[in-house]
Amino acid sequence: MFSIKVRNNIFLRLLLHKDAKAFFELMNRNREHLSRFMPRITETKSVEDTERVIALFLKQLSENNGFRAGIFVDDQLIGIAGLKYIDWLSLKTEVMYWIDKNYSDKGITTECVRKIIEVAFIQYNLNKVIIRMSVDNIGSIKVAEKCGLHFEGINRQDEMLSTGFTDICVYSILKEEHFKEVKILLSS
Amino acid sequence: MFSIKVRNNIFLRLLLHKDAKAFFELMNRNREHLSRFMPRITETKSVEDTERVIALFLKQLSENNGFRAGIFVDDQLIGIAGLKYIDWLSLKTEVMYWIDKNYSDKGITTECVRKIIEVAFIQYNLNKVIIRMSVDNIGSIKVAEKCGLHFEGINRQDEMLSTGFTDICVYSILKEEHFKEVKILLSS
Amino acid sequence: MFSIKVRNNIFLRLLLHKDAKAFFELMNRNREHLSRFMPRITETKSVEDTERVIALFLKQLSENNGFRAGIFVDDQLIGIAGLKYIDWLSLKTEVMYWIDKNYSDKGITTECVRKIIEVAFIQYNLNKVIIRMSVDNIGSIKVAEKCGLHFEGINRQDEMLSTGFTDICVYSILKEEHFKEVKILLSS
Amino acid sequence: MFSIKVRNNIFLRLLLHKDAKAFFELMNRNREHLSRFMPRITETKSVEDTERVIALFLKQLSENNGFRAGIFVDDQLIGIAGLKYIDWLSLKTEVMYWIDKNYSDKGITTECVRKIIEVAFIQYNLNKVIIRMSVDNIGSIKVAEKCGLHFEGINRQDEMLSTGFTDICVYSILKEEHFKEVKILLSS
Amino acid sequence: MFSIKVRNNIFLRLLLHKDAKAFFELMNRNREHLSRFMPRITETKSVEDTERVIALFLKQLSENNGFRAGIFVDDQLIGIAGLKYIDWLSLKTEVMYWIDKNYSDKGITTECVRKIIEVAFIQYNLNKVIIRMSVDNIGSIKVAEKCGLHFEGINRQDEMLSTGFTDICVYSILKEEHFKEVKILLSS
Amino acid sequence: MFSIKVRNNIFLRLLLHKDAKAFFELMNRNREHLSRFMPRITETKSVEDTERVIALFLKQLSENNGFRAGIFVDDQLIGIAGLKYIDWLSLKTEVMYWIDKNYSDKGITTECVRKIIEVAFIQYNLNKVIIRMSVDNIGSIKVAEKCGLHFEGINRQDEMLSTGFTDICVYSILKEEHFKEVKILLSS
């Protein structure tokens, strides 16, 4: 259905009601892996719960407040990525993503995040894209750095994980930085 | 943004808040042409009204009740097509579409409708797709026939146009007919 | 309480909260008989469910979208009849009805439907009244024909019954036809 | 449409959307007369406002919280009467009514109120019916007394009229009193 | 948190979500004592129910429709008092209160009610304050009389207690009476 | 009405509907002064708008999501302070405040913020209190530092002021830091 092409056979595709089963199974396969940095994933306990999550994703889109889409390789759902919210007063947004453990370390997340940053600056015409992650989430830090985001600082004890409070790294890229980088890429 | 590829440079793309201006201008360019068979189009009088229409389109999608998407040639919005509703009890739906007068008679509508029928039977797994149009809407009758729909009958004085009541043609295609036809196409 | 007199001791009476018990018992006595053509009746499983159904009936009336009323012989509830919706854009409506199996074949349904058609054309000033039923619902076809409706056509596999998809007969009567018929009746 | 017969050609009939014009004109003819004891009547300034009032009347009925109906002589709307609310915890209600000045002093109000009291005790099975009116509203006091209600007391400065605060008379009749009276009437 | 000082260590304090446990325990300790005149207290059966009750108290305040606050001695919750509603058309309100049985007969309720009456006349600028209680609730009658309210009358069988219908005493004080009394107090 | 005592004659008091006039006038006197760092203040253009703002403040409290209260010197409203939100998952909150220009530089804001921090840690039992302000808002930076918050970092171009994007300072204090500091204060 409705998708944004990332590369060849990789797509960001809006999840619909009919995708609830595949989405729930993806979460189940990755529950242990994901619950470390996403403790609330444990609240989605059935296909019915997952249908409600999908409805919330679409509601977010319809309210012009960002989106969460499935990461697909061909027709297989392997992760979720999107914009957690859009702050239309300050023209900023925050990227979120997670991927099946069997597909991590293949660069797919990085490419999806690059695409989403492009959507934020070009389609939504925003001024700032943020990524926030636990200081212990090395994989996510690498993604942010590969996507050209700059380290802004650390927010102390800023999120509660299942293991207790964690300090949070803040990364960001500004519109002016994004277009400078794109120009360099194009001219090289 | 999120789109379904129809052919080469033709896409069905979800309209977002940011598309309101282009959508309103498309309606303005076609107001006279469209108001004959779509009298309610006159209710959308400004970009703000159009933003509300787009929000309703996305709400429909989020409620799993069909969708209305923009028809795009490359990045230009030239029409609207989609599923007016989905009757999940009886597994049926109704296709709707309209196109800029400068792009009619080029087969674009037909290709979009074919794609939407495929979405209805394959993605949504429905049993019946309906198209309804005024007996005077020759263009729309041709689209339905080219897409393989069968004439079911005429509903007398069934819709109010700006010129008064009109009789409505009902066309439909069943899942079993769709797959038989696809098989013939594939085997030929 | 609030009622429309059909004939002598036959009334269409609005159901109130207090009628839930009688309504639920009526459904229970006719569950087998009704579930063939009204598969969703199985969803109403208790007096509490029935109270919610009655609240929906009254909400429909308050939204100017038709009504569903009880068919009463004196103070006994023996069926339900009304207008499923009112399409105020195209000035059309659809009649619905069902009756206790012990009271069928007595002409009561036909008289109630005649009264409802009169309400649609005279009180609501509509242009078209539709009745739709399964091709296998011989009783209902007879009611439509006795009430002067005209056969419009058949919608293929248009509703899901408990036994699978059924073709649906469409009958209708237009305002001009109704008043011509009334004039003939009056002048004869 | 849906009505309760009071006597011969006098009915309490539910007001529908289509009655808004007649209802607004009735208020307009009686605005001066009514605004003394019903200061809020001045808030209904157009047929559109009146449609909203009618929708509220029907919403009240659908919420099982009493009703307000039109008083009709044949097909002419001449007043409003009903139950302001139903207190289902304490099984009590309050009757309200007003009538066109040309129809006052003809006993119509009294007969409607008697019918409504009967509805409260028999249809809704309540325990107490209250009528409250300004100490200056002699007409209304007479209606309460003719209908067999008993004087309970005076609530000081209890309502704001357009002329300032007014003391309010409280009249009531209990279920046991109603049935005793009915028995006397029947046995006499 | 947010409180109105009544005297020394006695406060009316808004209950927040965090007070649910203490509030529920207070109700539990007084359930037998309270259920005589407040039969609905039995509906609050858990801390979660109590959180919902507190949310309703705050919603009432946010809708400018009165308030219910905790009676505190230092930091201990010992009762509830407030304004049941505010009738902004007629500028009247009704005081409610109940207190832990171990703290009754100490004059605390009387002082809280005096403070609330002052709030009604001075902060909200109302015209009339009502207190209603069962004719059998001697304690509550004493509070009303000590606070300078005047007996208005008895409403027969006006509330349903767990023991059946009860007659209700109505007490009230008008703004003019309140300020006259305050002047006497100040000048004495 | 409901207030938290800060010191002597300084209170944080919940704003009610009746305070709308005083609140609107306070905004009007400080519009120029405030609009630099609070550009949205220009959206509140009348007493009616201000009533809606007050209703939102109370709704926030009733949803257990923080509060905004008036800063009062005796009975005069001179500013607003509170908790912008409460993140119950990560047990953190953010303090907000502004004060009439005639009362700035008197230490009142600092004392109010200290009280609010105490409320956050003791009443709400949170783990982290944040204050964020423009790098150009020297007054606000001083308040944060005087209240014992620690500088966490700068978020680049993170808010849109009327003069364009501004970098934002982030200050915070953790529960453990708050109680250590209190212990030092008490033991000294």
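All chains are identified by letter, namely A, B, C, D, E and F, in their written order; residue positions are counted from 1 within each chain.
By definition in this document, a residue touches a chain if its C-beta (ideal position, glycine included) is under 8 Å from a C-beta of that chain, and two chains touch if they have at least 3 such contacts.
The structure displayed is predicted, hence computed values, not measured ones.
**Q** Give me the set of chains touching chain B intersected with the set touching chain D.
**A** For chain B paired with chain D, the chains in contact with each are C, in label order.
**Q** Between chain B and chain F, how many degrees of rotation does a Cα superposition need? Round to steps of 5.
**A** Rotating chain B by 120 degrees superposes it on chain F.
**Q** When chain A meets its copy chain F, do both sides use mostly the same residue numbers (more than half shared) or mostly different ones?
**A** same
**Q** Provide the C-alpha centroid distance between chain E and chain F, rounded to the nearest whole angstrom.
**A** The mean C-alpha positions of chain E and chain F differ by 32 Å.
**Q** Chain C to chain F: how many Å between their CA centres?
**A** Computed from C-alpha means, the inter-chain centre distance equals 61 Å.
**Q** For chain D, give me the residues that contact two or more of the other chains.
**A** Residues: none.
**Q** What pattern do the touching chains form: line, ring, star, complete or other?
**A** Contact pattern: a closed ring, each chain touching exactly two others.
**Q** Could you walk the ring starting from chain A, turning first toward chain F, and list the chains encountered?
**A** Order around the closed ring, chain A first, chain F second: A, F, E, D, C, B.
**Q** Mind pulling up the chain B residues that touch chain C in the complex?
**A** Touching chain C: residues 40, 89-92, 127-128, 150, 152-160, 165, 170, 172, 174 of chain B.
**Q** Quick check on the complex: what are the chain B residues that touch chain A?
**A** Interface residues on chain B, with respect to chain A: 1-4, 12-14, 16-18, 55, 58-59, 61-64, 67, 69, 119, 123-125.
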